[in-house]
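By letter and in written order, the chains are A, B, C and D; residue numbering begins at 1 in each of them.
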Amino acid sequence: MSFDFSLTPRVVEWRDRIAEFVADVVVPREQEAFTNGVDDALRRDLQQAARAAGLWAPQAPADLGGGGFRFDEAAVLLEEAGTSLLGPLALNCAAPDEGNIHLLNVVATPAQRDRYLVPLVNGDIRSCFAMTEPPPGAGSDPSAVRTLATKVADGWRISGEKHLITGAEGAAFTIVMARDGGSDGATMLLVDTGTPGFTVTEHARTIDSTMVGGHCRVLFEDVFVPDDAVLGEPGRGFQYIQVRLAPARLTHCMRWLGAARRAHEIALGRAVDRELFGQRLTDLGMAQQMIADNEIDLVAARALLWQACWEVAQGGRGTESSSRAKVFISEAVGRIVDRSVQLAGGLGTSEDLVIGRIYADIRAFRIYDGASEAHRMSIAKRAARRAGTAGQGSGVRS
Amino acid sequence: MSFDFSLTPRVVEWRDRIAEFVADVVVPREQEAFTNGVDDALRRDLQQAARAAGLWAPQAPADLGGGGFRFDEAAVLLEEAGTSLLGPLALNCAAPDEGNIHLLNVVATPAQRDRYLVPLVNGDIRSCFAMTEPPPGAGSDPSAVRTLATKVADGWRISGEKHLITGAEGAAFTIVMARDGGSDGATMLLVDTGTPGFTVTEHARTIDSTMVGGHCRVLFEDVFVPDDAVLGEPGRGFQYIQVRLAPARLTHCMRWLGAARRAHEIALGRAVDRELFGQRLTDLGMAQQMIADNEIDLVAARALLWQACWEVAQGGRGTESSSRAKVFISEAVGRIVDRSVQLAGGLGTSEDLVIGRIYADIRAFRIYDGASEAHRMSIAKRAARRAGTAGQGSGVRS
Amino acid sequence: MSFDFSLTPRVVEWRDRIAEFVADVVVPREQEAFTNGVDDALRRDLQQAARAAGLWAPQAPADLGGGGFRFDEAAVLLEEAGTSLLGPLALNCAAPDEGNIHLLNVVATPAQRDRYLVPLVNGDIRSCFAMTEPPPGAGSDPSAVRTLATKVADGWRISGEKHLITGAEGAAFTIVMARDGGSDGATMLLVDTGTPGFTVTEHARTIDSTMVGGHCRVLFEDVFVPDDAVLGEPGRGFQYIQVRLAPARLTHCMRWLGAARRAHEIALGRAVDRELFGQRLTDLGMAQQMIADNEIDLVAARALLWQACWEVAQGGRGTESSSRAKVFISEAVGRIVDRSVQLAGGLGTSEDLVIGRIYADIRAFRIYDGASEAHRMSIAKRAARRAGTAGQGSGVRS
Amino acid sequence: MSFDFSLTPRVVEWRDRIAEFVADVVVPREQEAFTNGVDDALRRDLQQAARAAGLWAPQAPADLGGGGFRFDEAAVLLEEAGTSLLGPLALNCAAPDEGNIHLLNVVATPAQRDRYLVPLVNGDIRSCFAMTEPPPGAGSDPSAVRTLATKVADGWRISGEKHLITGAEGAAFTIVMARDGGSDGATMLLVDTGTPGFTVTEHARTIDSTMVGGHCRVLFEDVFVPDDAVLGEPGRGFQYIQVRLAPARLTHCMRWLGAARRAHEIALGRAVDRELFGQRLTDLGMAQQMIADNEIDLVAARALLWQACWEVAQGGRGTESSSRAKVFISEAVGRIVDRSVQLAGGLGTSEDLVIGRIYADIRAFRIYDGASEAHRMSIAKRAARRAGTAGQGSGVRS
């Protein structure tokens, strides 16, 4: 039997409870977070409440205490959590921990699972993922990585500089992506942040504000780690990064789609109550156009997201479909929130209405996890390759 | 079990055979059609070949000789047929007959089925659907219909003027939508085109060219039809039109999506072979952007289409989801074909490359079946209604 | 002799000195402003330097100490000042004082000039303009104003609530727009901020950050002002607002155009130095597209701006041309800065690169001074009126 | 004195007379042209009428019988002529003759002027410009030209294939651009179409329809021309092409801007008279948005065009400003006409309403005279060069 867009009862039940939890518990803490930033105290408060509510880590394996939902089902739940910028943090399904949980679950040794994965799923610690580097290092192009990991007796020595490392301040450990001094490949290593030579330096002063632990510059100055710090096998970093990248960009899409829906709903709620030029705002054609375009973008983004997630849930790599989904959804989210600002009018850029904060926070989504341009290049190259070999009939088909 | 984007083996098998049939049988007749227009002789040739190939009316009921595919499965097949502008005609799944088949199948009496539906599914006759009228009559707003049907002894008398009636020239019968002189409602009637008082006058000189029977002005001058010409019950025309509208706009989306894919594939095929400024065209970033945006629009349009069709296949009315899909897909198709023209360069507007013909033919898709603006208005009104009653949480949700 | 796009030597000379001043004096203070906000101490520092540099209030009348430039010439100079978000403040050509200077210069009595205009041009005091109100009051539609001014013995009593009043905190006086209790019209009054009953309450927590004195809620609780506080004649507020609105929205365009150019130049400067996928970023087609679109938007915006300003300089009201220019330029500025963020990549949303700050600061430009939608409505209505009377030949013509 | 956007009385007088001539003489011949195509008989009729009306070749030198208007003034007049697709032909200011007149006027010898330029300005003959070639030859990149001109005794021998040569059928002569067999450069030559070896083969079947003489494939099979057939000096073809390209793309902008205005005015005129959903169409917000966006695009395009033309009129090459103008205006024209189609609704794609014809005819404007992408590349490269040398301050400035 083909085509099914229905939700299972368990998904519906979690979705509705998440909606309630966000409204009752998370939203009341937003203004405080916008004023003071998000710290670990606030994180612990919210996470404690989420666990108490039986809403914990929907995407994480059930045997580790998570919800154990299939990846495409998680799309529904992480969207719902994302309706507050703090929601994913509360449910422990926020970046970068959520992506690290996924990667560790696939690649980590039993000992690494015990030491890093278990407390991470529990929310006892935070982590970060150290890949991006200042130009000319790794950015939209991971293969440009310059941080070096060199095999020495009993372990590895890591040297290099990373930047825009989200959550580095306060993280217990990082996964670092490094060029393998002894091969053409890259190696991933687990580094406790207390290790000598590891330093978090400045925070980038970006216009977003709700990521715990900031976007930091991180130095690796001759950091030594033992052999068992290698994640998976040495030299296979470029393969492992694919394990993390496609799902991580899709969970970003899930969460930000929720944020976009929130902005839309706030703006719509205001528009219903507001009069302008003697008409209800929602009866004015240009407002209707923004409202309709938001609804259309929301459903198109969601349908595309579900399809890409379903592919991953079926065991696919999802490389191309997640690229397409990421470009479309990050840009759709941008459009939706921008229209919501406009629809909300004079207070559209205000944090009290939350829309202003969402507007600033989501902008970088079109850049990280591969800028739209990098994804477009790779999508086009694959299409050209298909066309070159198959002649016509090369378009993406059902 | 939720979420399934897989195709059944039977869908895959038909899809692949349609692709082959279009390439081998339909495409070779295109240039002739572009030069001379599409007449019934060409239609009969193509339809005979399709029947011979066992590829007939995928969307029509199996007991009448059609493929009997579920509506969401038909989406895959009509897209494939649509890769040639003549494909849907060949497979008897083109507008307006396809929509009339659907409507008659739901509403017609046994006698009407025998007289109109059976030969229509067989391709023995053609039909048209007479709804749209010159301003200030029915257009994007069906409720503005002015053609009058008045109950008289033993039958009805119909007077009015319709325009842009696709396929009227050469049709055996029309379904006419008329204001019911005796009620507030509308009545649908079946009118043989030979009935006295029924005249096809001028053809609109539009820039599309592949619809058999043109887009005609049609006069009803005191046309008399007997009581059994009423389709369904008198006065329920506005309900019946909903039966036709949502599926009909979705089958348009299916077919035009195929046309857009064709344009993209032709342009891509050329780009792979072409050099510019010393580089292969597909290695130039701006070309890559057009290619990638085409692929993204194709998959987003398709995911949204499948979801709306699935809703209809599950028995839903699909009013809102088909509106959203129609707006998005008609505009996505426009963007895809426009980019294909640009990518194909100097010959992009040429009919030989086919892209130019597709470009001209699809423009009206954003206007008929409800202009984008009319759909946006109705989408926004529903959203506002939800927001007004439900407060927040009003956005379209999974 | 028709058509001249050349700059006079005096304009060129000021423009170049402003560019130098901004680079040498203003830019070094930006990071401090982004961190701590902009206060009057910083304002006085910058303004003192600008006066010392002989670069003072280019748009203000020469007899009051300003540059005395024609309005269209001022477009060149305010754009240059706008290349730093602090530049217009430094040169005393920032909103809202600049608009108030213009309005007072046209309407104020000699006594009002001495008391308010002279110190305002000198930078001795700041002012604000109290028009916008919380819904359902005046916003994009000034005629919805609800604040009431009632004539009493020897003066007027003002009651009402304003919001989003830029610069209210710390202003010495405000011009308030109030419905005239005794007529259908509106009356403008000058109110010292120390007057009993005048209170600045909360600041809107918007995502912009460089306006001295915030965007405040202001209460008028039975505020008494004497008769000579009326600006111009009572009941003519709606006419006077036209005096202020068209030029004020054009000076906004001038300044923000400069900010957009700055963002573009920073992003371009980085792109020239950066490699990605083995190529210089400026050799990648998608980057070239963003760069080219920025340059095109800059020149189109500027040409349109100059034409609208020239019309005002010739004595025209500029109502329609300033509406068109405001819509186009506010949206072009939005596009330019958005592309600059994207081009700058990982640090695009960062304040250190300044682009992130410009991105957040300019968003409201599409809303205030008449949202794009309000201007579009009025542009369309005028076009329809012309078409209704003149038949064809109704488009805006040379 | 800087900045002047006023029109001289002579420009206004010609503009108004052209408007009258187009309405009275040209528009009545349009439907005939759309049905039968445009042939030389129709051309001669219209041109005779234009000469009789004293409206001849506004852009051509006065001493040759043209209007002798300055290039920026001609912008006003060619826009007005362009309001009918046949207008420029009627006034002998259509492509490709208009561009050839300009080029010959700058480069031709006295003998060449007598033989080619004089009858061309008079409308006694037509010409074409043979530059573009099938891939991998010259297209958006003129330097890829492959047609070869080889110096032989007493003359030159030309061999190659050109395509999309507008107006070739029926032209008296062509200017051909050929790679100079004896140098790295290119040479331009004048070739009478009766010369042995010169053949017009097939016409491209493009969707536009109003160019006399089609878009043809042209063969040069060892065509011999004498030495005095060289235009200007041998080897300087790449320089001469710059003489033609910038002005020719600007006159295209002038004419198409007129066509866009025409489409807008027709759609607007209909919208004023039409009711939908119980409101006048021009009172519906989404219609207002299309109307306003059309008016804004018209004025922005015009302001940018005038500035680029003024630069050329002042003796500038206009390379960069004409590139920017061409990209912006060709795309603005596309948007305006597309919105006009949509606004006109069911008949928007109809030739009777003219809009449909304009829609099809203008599409190629974004491709020829350098595709938008080729111009963007060159604009970006210049910007990057400025940024690389000047550091910041590199943006296009006033």
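Assume a contact is a pair of C-beta atoms (placed from the backbone, for glycine too) under 8 Å apart; a residue touches a chain by one contact, two chains touch by 3 or more.
Please read all numbers here as calculations on a predicted model, not as lab measurements.
Novice: Centre-to-centre on C-alpha atoms, which chain is most distant from chain A?
Specialist: So the chain farthest away from chain A turns out to be D.
Novice: So using the touch definition from the top, which pair is joined by more C-beta contacts, A-C or C-D?
Specialist: Pair with the higher count of C-beta contacts: C-D.
Novice: Can you compute the centre-to-centre distance for chain C and chain D, using the mean CA position of each chain? Integer Å is fine.
Specialist: 40
Novice: Approximately how many whole Å separate the CA-defined centres of chain A and chain C?
Specialist: It comes to 38 Å between the two C-alpha centres.
Novice: Give me the residues of chain B that touch two or more other chains.
Specialist: Answer for chain B, listing residues that touch two or more other chains: 284-289, 373, 376-377.
Novice: Can you list the chain A residues touching chain C in their complex?
Specialist: Residues of chain A touching chain C: 34, 132, 135-136, 139-141, 144, 163-164, 204-208, 273-277, 284, 286-287, 341-342, 345-352, 356-357, 359-360, 363-364, 366-368, 371-374, 376-377.
Novice: Going by the contact rule at the top, pick out the chain C residues touching chain B in the complex.
Specialist: Listed in rising order, the residues of chain C that touch chain B are 284-289.
Novice: What part of chain A is in contact with chain B in the complex they form?
Specialist: These residues of chain A touch chain B: 1-8, 11, 15, 19, 70, 72-73, 75-76, 79, 261, 264-266, 268-269, 271-272, 282, 285, 287-289, 291-296, 298-304, 306-307, 309-311, 313, 321, 324, 327-328, 373, 375-377, 379-381, 383-384, 387-388, 391-398.
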